[in-house]
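The first chain written gets the first letter, and so on, giving A, B and C; residue counts start at 1 in each chain.
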Amino acid sequence: MTAAGGGSTSPIAPYAVVGEVLDKNRTATRRRRSLGTIIWWIVFLIGVAYFLVPLWSTLSWSLQAQPFGAAYTNTLDDPQFAATLLYSFTIGIITVIVSIGIIVPTAFWVRLRVPQLRRLVEFITLLPFVIPPIILVFGLIRSYSHGFLPLTNTDIGSDALLVAAYTVLSFPYMYRAVDTGLRSIDVQSLTEASQSLGAGWLRILWEVILPNLRVSLLAGAFLTLAIVVGEYTIATFLARPAFGPYLALIGGNKAYEPAAVSLISFALTWAAMGVIQYIGRGTRITVAGAR
Amino acid sequence: MTTRHTLTRWAGLLATSTLVLAACSSTGGGGASAGASAAAGAWTPPADLLAAAKGEGTLSTIALPHSWCNYGEALSTFAAATGLKLNELLPDGGSGDEINAIKTNKDNKGPQAPDVVDVGLSFGPQAKTDGLITPYKVKTWDTIPATAKDADGAWYGDYYGVLSFEVNTKVVKTVPADWADLQKPDYKGQVALAGDPTVSNQAISGVWAAGIASGGSLDDATPGLKFFKDLNAAGNFVPIIAKTANVASGETPIRIAWTYNALADKDSLAGNPPIQVVVPKTGRFGGMYVQAISAFAPHPNAAKLWMEFLYSDQGQNLWLKGYCNPIRYDAMVKAGTVDTAAQAKLPDTSGTQLPTLDQITKASDVITKGWATEVGATVK
Amino acid sequence: MGPLSSRRAFFNWLGVVPFFLFSFLFLILPTFYLVIGSFQDKNGAATIQNYADLLGPQTVRTYLNSIEISAVTAIGGCIFGFLLAYAVILGGLPRRLRTALMTFSGVASNFAGVPLAFAFVFTIGRVGLVTVFLKDVLGVNVYAAGFSIYSKIGLEIVYLYFQLPLMVLIIAPAIDGLRREWREAAENMGATPSQYWRLVALPILMPSFLGSAILLFANAFGAQATAYALTGGSIDIATIAISRQMRGDVLFNEGLGYALAMGMVVIMGISIGLYALLQRRSERWLR
């Protein structure tokens, strides 16, 4: 039924015409959307292939050990494996908490109150990228092996130093993730609204800002945890019983076990993140003005 | 490779893994102190030193992989005999890292500072000049050859090994017998060093030895650079730092490494895949390592006790068991205290040349400086 | 504007004190040794020879190599990472895939060093799974054709393994911020997809895009373990040059190592400055 032709004088006719055009648009859009989805599926699958094939190669290599699965049983038998992995995970969780505790208030404050400091703060958060870890750890040892804060002289002190070093390493990721998150919510309005309702700063941070940053914080937490578990240089030079040094220890002279260990740690870290993701899921809090 | 078959077996393994774990954990791991000992009697720690060391409680070692010269068994035997705790640092480190660790931790009495080091010969005198090591003469000092120790007792040779080819015979059908063979087209993309020739003693020695076999000498290491330049140009050389896994997977089926490392790999791989260790016909090059006590050691008495252990007959025999030639070998053969079973397993290394300190310094300089420009394995 | 505003100013600065204090204690102070050390020679005497050495052709080439590899993997990581993130967030794929990709990216972004290098050696090395597959099944011998994993290209392929996931994680919140309603509104007003992208989506994403690119660049620039493991230290990049100075014996010149590291800091400073300039321009309309 086209608009042209026929001298229809029904008052509904124009609306029917418009309706049909809109219909055509919607179908076209829908068709375009499903074609788009196919393309995105292809993109996704290519990505998956790139990520999973090297893991598969590692797996098939680790299975060459005789008797079948020996690489895995040897690994799981070794008490050092569980001990160092647990140690690194624990340090990782503590680092995530400390990092969030420092970065979120800072990013929030910079965005809201002292935007002129933004460049400086960003530069500082990017420094850990540029300072090779070997230099950082040498500097840390020189600074804290004597003098006002002799942290390296004790095990607990060295652990604390490790957490501090990892927190610094997490700055680039945590800050960028939080900053991106803050950018996408209307911090100004949220804060003003909360303040006008009588909330203090801490309450604003804890009950309003943090929940809205869920996605960013999770991303930052993932990255930090993965950094800590896989890190080698700093843990080694600070002589901590972490997972990275353990991996290097068995990696030197065993052929199949290192592959098994790296896969197991990959899987375990992935599972841990799945758990964090699960705990952190929930409805996004929406406030008028933010959407 | 039958992936499907493997997958089903893999699933089966997952299902029964708990049972396996339960069974395995009861038998425990590690083969420490398997039948203590061969010809020599077990070492008894000197009482006064032991008491002082116990007061310190820990020994901090550095860069001692457990399969290097059977250090694993040496460490656990020592710990059992003395009751000291072991703090093992930087297992993957090289000699440079060890010296660096002493320097960085000068003011640090914490767990990051090493008590003792085991470094390449060339590192000893420099460390003495820099004031990083402190002299100590073990009870068996006189049986250490004079050429292998510092007169003042600052450093002392511990063992030596010979460079060999570690060959994965599943991949390599015709095993090379000498350095010149490595240049053959049969070995395209198969030859690798076990370290970085600008920092690793083992790798530097590899380059040097190749040179000696192709017209160089202990005084001239430049033919070694040419050898590897040709090897790289021919496409035979793989620039990766080859580890056991690379040899076993066939990626670098020929690795140039110390006999003791190659033989240890052969044992641990146990035929999966089969490894043959070939000591080249010419260009037999020996490398010696030295022990020293850090001048800033947090546990100096534990360090001395460790040295007494290493230079006792038992300690030396444990190194022999790891296919290393312990420094007191000749004296022990004469005294009849050598472990004959381990002795029999050593490959024939007659004609090995051991360089002097000056020769090492000169050659290291030439090789480390020339590697990048000459060979450049310039990764394009 | 008296006591109230100065009190407010004080309060403002107080909010960032924890960050600055922490950074000073555990980042700036240790780095201090880096600066001091770069002006010392082997015996501890003051010198600027280290910096003079930086200008030599060998060192310049070292930096250029690092910059090239970092730039290539940053751009590659940005583009492919963005596509991947977009695919799972707004591409119409099931929600569960997004969660899986996010958590996987967290782990993969730090899968580096020896395990990563070896994983790729097992995959596209001379006797790697894919190499053998291509040779035996498809008849394509990539190594005969000149490809080698032990090359710059090989290293870049390996680097992407942690660059891509990093991009995915960083850009995800920004894509989330691309409200679906905007796209629908644009379509209803007759915009074609390319117009939507050019005029709406890209301008919004650009600041995050640029920030991520710089981050990826810095990430690759500072990477060392992977390159070292893959090429045995024979590839000529800044981080390996530094570690060589810090670790070796004959080449041991700590001061030069520090100077090289300072050079890296300068290069990073320049890139960040560039980023700031670009971002200021693209952020204009958001204010």
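Just so we're on the same page, contacts are C-beta pairs under 8 Å (C-beta built on N, C-alpha and C of every residue); 3 or more make two chains touch, one makes a residue touch a chain.
Given the structure is predicted, the values throughout are model-derived calculations rather than measurements.
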Remark   = Min distance from chain CA centroid to global CA centroid: chain C
Inquiry  = Counting C-beta pairs in contact, which chain pair has more, A-B or A-C?
reply    = A-C
Task = For chain B and chain C, let me know how many angstrom lie between their CA-based centres, rounded off.
result = 36
Inquiry  = I'd like the Å distance between the centres of chain A and chain B, where a centre is the mean of that chain's Cα atoms.
reply    = 40
Remark   = Separation of the C-alpha centres, chain A versus chain C, in whole Å, is 15
Query = So which stretches of chain A touch two or more other chains?
reply = 60-61, 138, 142, 248, 251, 258-259
Request  = For chain B, jot down the residues that touch at least 2 other chains.
outcome  = 243, 245, 249
Request  = Going through chain C residue by residue, note those that touch at least 2 other chains and give them in order.
outcome  = 114, 118, 122, 128, 246-247
Note = chain B residues touching chain C in their complex are 94-97, 99-100, 120, 122-123, 126, 171, 189, 192-193, 195-196, 198-199, 238-243, 245-246, 249-251, 361, 364-365, 368-369, 372, 376-380
Task = Write out the stretch or stretches of chain A touching chain C in their complex.
result = 29, 32-34, 36-37, 39-41, 43-44, 47, 50-51, 53-58, 60-61, 102-103, 105-106, 109-110, 113-114, 117, 119, 121-124, 126-132, 134-140, 142-143, 164-165, 167-168, 171-173, 176-177, 179-181, 183-184, 215-216, 218-219, 222-223, 225-227, 229-230, 232-233, 247-248, 251, 258-259, 262, 266, 269-270, 273-274, 277, 291
Key: chain B contact footprint on chain C (complex, rising order)   = 58, 114, 118, 121-122, 125-128, 143, 150-152, 155, 228-236, 244, 246-252
Key: chain C to chain A touching residues, read off their complex   = 12-13, 15-16, 18-20, 22-23, 25-34, 80, 83-84, 86-88, 91-93, 97, 99, 101-116, 118-120, 122-123, 128-130, 160-161, 164-166, 169-174, 176-177, 179, 187, 193, 207-208, 211-212, 214-215, 218-219, 221-222, 224-225, 239, 242-243, 246-247, 257-258, 261, 264-265, 268-269, 272, 276
Inquiry  = Applying the document's contact rule, which stretches of chain B touch chain A when the two form their complex?
reply    = 1, 3, 6, 9-10, 13, 17, 20-21, 24-25, 29, 60, 65-68, 87, 89-92, 101, 104-105, 107-112, 243-245, 247-249, 261, 264-265, 268-270, 272
